[in-house]
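Please read through the structure below; I'll follow up with questions.
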Amino acid sequence: MTTLPDKSAAMEDAVAAIPDGATVMLGGFGVPGTPFALIRELVRQGQKDLTVIKNDANEQGMGVDHLLASGQVRKLITTHIGLNPRAVAMLNAGEIEVEFCAQGILAERVRAGGAGLSGVLTDIGIETELAKGKQVVEVDGRPALLERALRADVALIHADCADPFGNLAYVATARNFNPMMAMAANLVIAEAEKLVPLGGIAPDQVHTSGAFVDRVVELQSVSEEYGVVRR
Amino acid sequence: MSDAKARMIARAAREIAPGMVVNLGIGLPTKVVDHLAAGFPVCLHTENGMTGIGPSLPPDRADRNLIDAGGAYVSPVPGSAYFDSAASFALVRSGRLDLTMLGAFEVSQNGDLANWKIPGKFSPGAGGAIELAQKARRVVVLTTHTDRAGQPKLLQRCTLPLTARGCVARIFTDMAVIDVTPQGFALREIAEGLEPEQVIAATGAPLCLPEGDLPRF
Amino acid sequence: MTTLPDKSAAMEDAVAAIPDGATVMLGGFGVPGTPFALIRELVRQGQKDLTVIKNDANEQGMGVDHLLASGQVRKLITTHIGLNPRAVAMLNAGEIEVEFCAQGILAERVRAGGAGLSGVLTDIGIETELAKGKQVVEVDGRPALLERALRADVALIHADCADPFGNLAYVATARNFNPMMAMAANLVIAEAEKLVPLGGIAPDQVHTSGAFVDRVVELQSVSEEYGVVRR
Amino acid sequence: MSDAKARMIARAAREIAPGMVVNLGIGLPTKVVDHLAAGFPVCLHTENGMTGIGPSLPPDRADRNLIDAGGAYVSPVPGSAYFDSAASFALVRSGRLDLTMLGAFEVSQNGDLANWKIPGKFSPGAGGAIELAQKARRVVVLTTHTDRAGQPKLLQRCTLPLTARGCVARIFTDMAVIDVTPQGFALREIAEGLEPEQVIAATGAPLCLPEGDLPRF
């Protein structure tokens, strides 16, 4: 019997493969599912001129905000940055470029990239300012916007549980954008709270097949950033 | 919360019929759930990836991985399911969401909704609002009748960038229940202690009054 | 606390909601995941002039073949019918209309229907005869075929396990087309080998949220059709 | 199976490098797996929704819900994963499939593949073949060198409807290993006991011969 390849890696080495100028997808919706440890390492290594694709900009002092504070982000493709005043201020000051998508359309654009499609057609936002500059295609006599697929050089993923092949299982609402992003990048790096042996996740309970994943990093500890936010 | 607001929320809860799939928007709408009876059969959805939302939890009892789209810590119920953001909006766009209750900056008499952007002041991105407004089978709005400056939020035309056109069916305010009809705004119910003239004065568009009694809430 | 609605139903009543002329999606790839019991009931009730959407035509004497034999099928949208000589013969005799899709594109078209999209754009089949009659759209300067979303009046789904709300869990390769079809019809009827109480499927292990499902039918027994095929 | 066919399959197995994600098409290609060493690190994919395929099972030991795309009963390995057909072809189309081995009716000297339709005789639909042929990072073909009537299957141009254009990189037959190059077919290896002239005679397009030795398999 053959065995599945081992992709476990050290965090430093995994993140070192990200070049300046890379497009980087980050999982997460608010705190749950955000790969805080991988982001911290990306801040430590200091890659510049990044295009970041993430649902939101986290809150100040957390996750994406560290990348903004360190000036590593050139452009942000996102759905909502209202909880991060720094992101809003940098947008208003022209210090970062921001492209807004409707939330489910961001999910579909990333999924389309992960599914090897050129794009999807939708009537979402068709008579709003989000339609500006988008190609209109008639489908069965009705107009639809062409929403182009998004792919990234790198996706940073947070999973609850992983095996060495890169099979991933997410927990609760920490799933969100992680499964689509884990399909849509040339280099997929997953951090996991638990690394279990091959077979440690039942085949029916794998959320992302390891065939999509390139590197698996086990978190040595779950830092405060992953915890409950007390507002 | 004012007594009128509390009654608005209790009244809005009666909009939810047994068996519905319902998304309650951030802010006032999320409080509607507190007015549903124990055992009431409904599926509450949150767009960050869950059906079957139970009561909100304080931080010391919260699960760090279980939030709603507004970032509140929530609990599961027996039969909850978690899924990814693509599946979550598939549910919204494909017509499986029977009802959404949203907040509003402005609603026009033809049902246009503006609730995500105030140019030059507030432009954080629309999040999931556009898809909820455009695709839920029924969209109702919960809002104060006027803004903080006392200006009407129900208008002939919206002045702000739209979330979606012609989407709003009904508006619950602290003053009234108002339907969007082909003839414009129609007053359906009025808050205790108010006269129709007061609602008319606080509304920025013509208001059709019903013949006969006006129910109170 | 609220409770989730109960959608458990009798098979006869559930299937009786299907009218003549309906478009019906059927889960399954070969035997695994095919809703044999629901198909049997549809044959018994005899609805006519159906458009059937299914990956394959099963083998002779099984599943879809019963619907073909009883003359209930007007059109079949499928990817491969090579294992069913009756389907091939009926196609050649002009007794049924057959529309062939590339397999992954059928999955995407159904998923697009389930996701409320108008369609997807892809280069699959772009220079083959499968491209005939399809609209070509340029995306970033490259041609793509417009593959239109598919929706159905009814989807018949086979699950391993269901709860009364309609949350579904599939097993092994019986998953295949079931999750997409369970999103893409106006009336979704799921048969399940096991009906468990609410909470009987862990929320992270639900494959299809009950919010997509209209009726849940528990199988009283698992017939021979579901068994291992001895060729 | 003939000895030459068996050696073809054994030779094709050496095409699989450690760490690859590989889809083995229905028929001869599925037999390649028997030639991989125990513990060889590879991920075998089947398009009906599985990564991590283990050995095939006879009916009396089979799981009724676990088949490959050809309908053979298979087993899992530690670390197998099941997923739906959309995810399965997402993997194929997005470039995660390093290698696929397919059967062929015809292959042209520019790498066109025909393997799904013989008009008027055999038109069952393409299944997953088009996406595998068009999108796997490397497509190799396993086939007998000639058809049952002794006619060449390697041609200047395909006569049958194409599965995909210019997709084939290498062809393993019972006679030879042949690459598709910008200059057409190039003979790389030859079966034990054959002379190049015999391969040339059985091939329906010009064949470039290498300088120096021709490895045997």
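The first chain written gets the first letter, and so on, giving A, B, C and D; residue counts start at 1 in each chain.
Just so we're on the same page, contacts are C-beta pairs under 8 Å (C-beta built on N, C-alpha and C of every residue); 3 or more make two chains touch, one makes a residue touch a chain.
Values in this document were obtained by computation on a predicted structure and should not be read as measured data.
Enquirer: Provide the labels of all chains in contact with chain A and in contact with chain B.
Expert: C
Enquirer: Determine which of the two chain pairs, C-D or B-C, is joined by the larger number of C-beta pairs in contact.
Expert: C-D
Enquirer: Taking the mean of the CA coordinates per chain, how far is chain C from chain D in Å?
Expert: 30
Enquirer: Report, in whole Å, the distance between the mean C-alpha point of chain A and the mean C-alpha point of chain C.
Expert: That gives a centre separation of 31 Å.
Enquirer: Calculate how many whole Å lie between the centre of chain B and the centre of chain C, each centre taken as the average of the chain's C-alpha atoms.
Expert: Taking the average C-alpha coordinate of chain B and of chain C, the gap between them is 35 Å.
Enquirer: If you average the CA atoms of chain B and of chain D, how far apart do the two points sit, in angstrom?
Expert: About 57 Å, centre to centre.
Enquirer: Can you tell me which residues of chain B touch two or more of the remaining chains?
Expert: Chain B, residues with two or more chain partners: 50, 82-83, 86, 89-90, 92-93, 135.
Enquirer: Using the touch definition from the top, which residues of chain C touch two or more other chains?
Expert: Answer for chain C, listing residues that touch two or more other chains: 108, 111, 115-117, 122-123, 170-172, 203-204.
Enquirer: Please name which positions on chain D make contact with chain C in the complex.
Expert: Contact set of chain D toward chain C: 46-50, 59, 62-69, 71, 73, 82-86, 88-90, 92-93, 122-128, 130-131, 134-135, 161-165.
Enquirer: Please output the residues of chain B touching chain C within their complex, sorted ascending.
Expert: Residues in contact with chain C: 18-19, 21, 33, 36, 38-45, 50-52, 54-55, 76-83, 86-87, 89-96, 135.
Enquirer: Tell me, which parts of chain C touch chain B in their complex?
Expert: Touch list, chain C to chain B: 1-6, 111, 113-117, 163-165, 167, 183-184, 197-199, 201, 203-204, 206, 209-212.
Enquirer: Which residues of chain A touch chain B once you look at their complex with the stated criterion?
Expert: Residues of chain A touching chain B: 29-33, 55-56, 78-83, 88, 91, 98, 100, 102-108, 110-111, 122-125, 127-130, 160, 170-180, 226-230.
Enquirer: Please give the residue numbers of chain A that touch chain C in the complex, ascending.
Expert: Chain A residues touching chain C: 108, 112, 115-123, 135, 137, 139-140, 142, 144, 146, 148, 169-172, 203-205.
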